[in-house]
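Same chain, two partners: chain A is paired with chain B first, then with chain C.
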Partner chain A sequence: MKEVITTEMKKAFRSKGFLVAALSGVLLAVIQTIWAYQNIYQVNMKERNHILGLPVTDEHYGSWFQTYIMQGWIGCEYYSSFNQFLFLALPLFAVLPYSISLFSEWKSGYAMQMLVRRGRKQYIISKAAAIFISGGCAAALPLLVSLLLSACYLPAIGIDPISMQNVVGNSMMWSALFFEKPVLYAISYTGIVFLYGGIYAEIPLLCVGWMENRFGTLIFPMLLHCMLFYGVYNLFPEFAAYNPAMFVNPSQLVFGITFRGIVSVTVAILAVEGLLLWLSNRRRDFL
Partner chain B sequence: MKRKKVLILIGILLAVTGLGLRIWYVNTHTYSPEIREVPQGQTAEYCGLSYTIVNAEMWNSSDFYTQHPELTDYQNPNIPADEMKLLVVEYQIGKVQEANKLDLYIPIQYVHLFNGPDPFMTQDMNPSLSDGNFQSGDTVVIPYEIYKANLSEAQWKDVENGKMEYETVLGTYPVKTEMKIQDIRYEGGKGQ
Partner chain C sequence: MEIKLEHVTKKIKGVPVLQDVTKTFTGGCIYGLSGKNGCGKTMLMRTMAGLIYPTSGAVKINGKTLGKDISFPPSMGLLIENPAFLRGYTGLENLEILAKVQGGVPQDEIRATLEQVGLDPDDKRKYYKYSLGMRQRLGIAAAIMGKPDIILLDEPINAIDAEGVSVIRDAIRALMDDERIIIIACHDKEEMEYMADTVLHMSEGRLEEEA
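And then the complex of A and B:
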């Protein structure tokens, strides 16, 4: 089992898809950092110089706030559209590395060879693990790179709430971390993004038995994500806090998100994915 | 091949060290303001004016509007009375120099929140200032609305029990003056 998992992992992380997803993610983080440096940090520093030049009795004197790491990190930077783009394209980043591999291997006949040599259970579980981890890494990479780059010019201290630049409010999930230990908040939320990258990456694997079109299989998670983000959210706004397309964003787009809620939804989705994986592979035994 | 690997390793080590040093530098050269804490009753100066907190009262929303029926227009009917409180702070304002504009937007901060006052309600609570003139020594009463929805359960309990710490903030940089609101009278008593 270990040998098959290692092989699948190597294949996943050395695939062209992973390289494309990783480079795209890094590029997005770099461009966003350049934008944030020029339009947030430099503007803020110019304002500081202006404020310091005013006389003490001037009504504008004394009103300046330092820019903090969370204002530059792509996960919580909401001055530009990079955050929205990243979280809209998240399923695409996740499926690019390796999600389509089983589809290709069934088509080429390689999968059949593996089933005979290693057994269905070993092969499918190893494949699912490699897809989950590579998809999660591809989704989390832009966030980690952005955090690292932001830390190179913004201090890793919490936002002063009086500046009104905080996207996470006091009553929201992990607000204490956001205000007091922002790096820990970013890393913890990147963990959630990793999980959902993995979850999205698994979807094409579950579709292999039912979908014939390669492009359709690849794009399906993104369509599902858009449906959750636009359709389900607008139809059932009262359940927005339990909508993965909403709570996966570290900016916490809606009120009422709780860690318990995220865990419950994630466990339910993983159970459904596990069941579908089992069902789709059971069905092939009869074919 | 081995030499290439060593060179890559050295490159990685140099990059990590460089990044680490840069991050260390950024975090040791921040533009954090000097925090000046002023206990209640003492005077703080800001923008040519002096401010002293002379009184602070915490009201249950329903009690406050019963006591001040002329202000009921400001009562939000969509928020249950027991999910909102009003902290009414009385400031004595002095002129450090003549010809100064009185800015009544004086926020308070508590936990990870800040409240600015409702400017219209402030205006109605200070009719003597409506002509735009004020004298040194005049008092200004500013109401701050505190909502349960913005706080966690534990924090709201602290508000009810009188354990929450509030500060008036005057200026944010280069000096952030925090005037402590320590002596608060709880109209209707504290919660249990």
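And then the complex of A and C:
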């Protein structure tokens, strides 16, 4: 089993799809950082210098607040559209690396080589593991790069709640972390994004055998995500805190998100994915 | 080594592609499968390989039923229809990946297998730059690598030049021993008779006669 998993991992991380997803993610993070530097940090520093130039008796003196790492991090930077873009395109980042590989290998006949050597179960499980991890990495990479870049010019200190510049309110999930240990908050939330990158990346694997079109298989997770983001959210706003398209964003777009809720939804989704994976590969002819 | 087909019937979308095939293949013999296109040669090979499940009947490998006791024959190499490999890897890298998955095929043997089918192990060209004949040779190399007990070759000399055919023929012949079963499907009757010890004829999904 170990040999098959390492082989699949190598194939996944050496794939052109992973390279494209990783480069796109890094590029997005770099552009966002430049934007944030110019439009958040520099503007803020200009304001600071202006205030410092005021006499101590001026009523505006002292009304300046330090910008900090979370205001530059793409996960919580909500002044620009980069965050919305990243989290809308998240399934695309996730499926690009390796999600289509089983579909392609099945169509080309390469899967036959693997099946007869290691059996259906080992091959599919290894494929699923490689798809999950590569998809998760591709989704989480922009967040990690953005965090590192933000750390280069912004202090990793907690924000002063009085400044009202926080996207996460003090009654929201992990608010203590957000205010006191923002880097830990960012890393923890990147873990959730990694998990959902993996979950989205698995969807095309489940479509093998049901869908015939390569592009359709690749775009399906994105459509599902849009449906959750726009359709399900608008139809059932009371369940928004349990909607993965909502809670996957570190900005916590809706109230009521809880860690327990995320764990419950994630376990349920993973169980459904596991069941579908088993059903779609149980006894399928290799024609 | 023994492959036993017991009244194997396969229907795809209601259309019978194999009809009541009963035959025992034993080690130490090269079997040839002949017949027109669409007569069921490839389907029979897929069934023996465990890639498709019979609608009725059973395929037994050394007494163990495929799909019940075992999923696939434990030691098998196959080339069915067009060979398929990873496009961005060289021939050697492709075989190394398969060898790793297969477990325990040494590097020397991989290189020797490539040479045996007339390919250069040090060729740096990626698979997608291979000609049709080279792809076919690599497919045969993958099938015979590690000297499996069962070798299934569907149209192995497709797209291979005359010189190459004799190389492949020698490579296949060199593998023959008392235990191994080699089954070759080929539309070229003359070549088939040259390569196989026993030629079986297929027609409309039935294994008809033995020549």
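One rule holds in what follows: the second predicted complex is superposed on the first by the 283 of 287 C-alpha atoms of A that agree within 3 Å, B and C clash if a C-alpha of one lies under 4 Å from a C-alpha of the other, contacts with A are read in each partner's own complex, and residues count from 1 in each chain.
FYI, a contact is a pair of C-beta atoms (placed from the backbone, for glycine too) under 8 Å apart; a residue touches a chain by one contact, two chains touch by 3 or more.
The shown structure was predicted, so the numbers you read here are calculated from the model rather than taken from an experiment.
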Clash or fit (per the criteria above) of chain B with chain C on chain A: fit
Partner chain in contact with A:L154 - chain B first, chain C second, else both or neither: first
Computed vertex angle (chain A) for partners chain B and chain C, CA, steps of 10°: 170
Which partner, chain B or chain C, touches more chain A residues: B
Partner chain in contact with A:A176 - chain B first, chain C second, else both or neither: first
Partner chain in contact with A:E212 - chain B first, chain C second, else both or neither: neither
After superposition on chain A, the shortest CA separation from chain B to chain C (Å): 17
Chain B and chain C contact sites that coincide on chain A, given as residue numbers: none
Residue numbers on chain A that touch chain B, as the complex places them: 48, 51-52, 56-59, 61-66, 148, 151-157, 160-164, 166, 169-171, 175-176, 179
Chain B - residues contacting chain A, complex: 19, 22-23, 26-27, 30-33, 46-48, 97, 100-101, 103, 107, 109, 111-114, 149-152, 155, 169-175
Chain C contact footprint on chain A (complex, rising order): 3-4, 6-7, 11, 14, 16, 105, 108-110, 112-121, 283, 285-287
Touch list for chain C against partner chain A, complex: 12, 46, 49-53, 67, 71-73, 76-78, 80-86, 88, 97-98, 100-103, 142
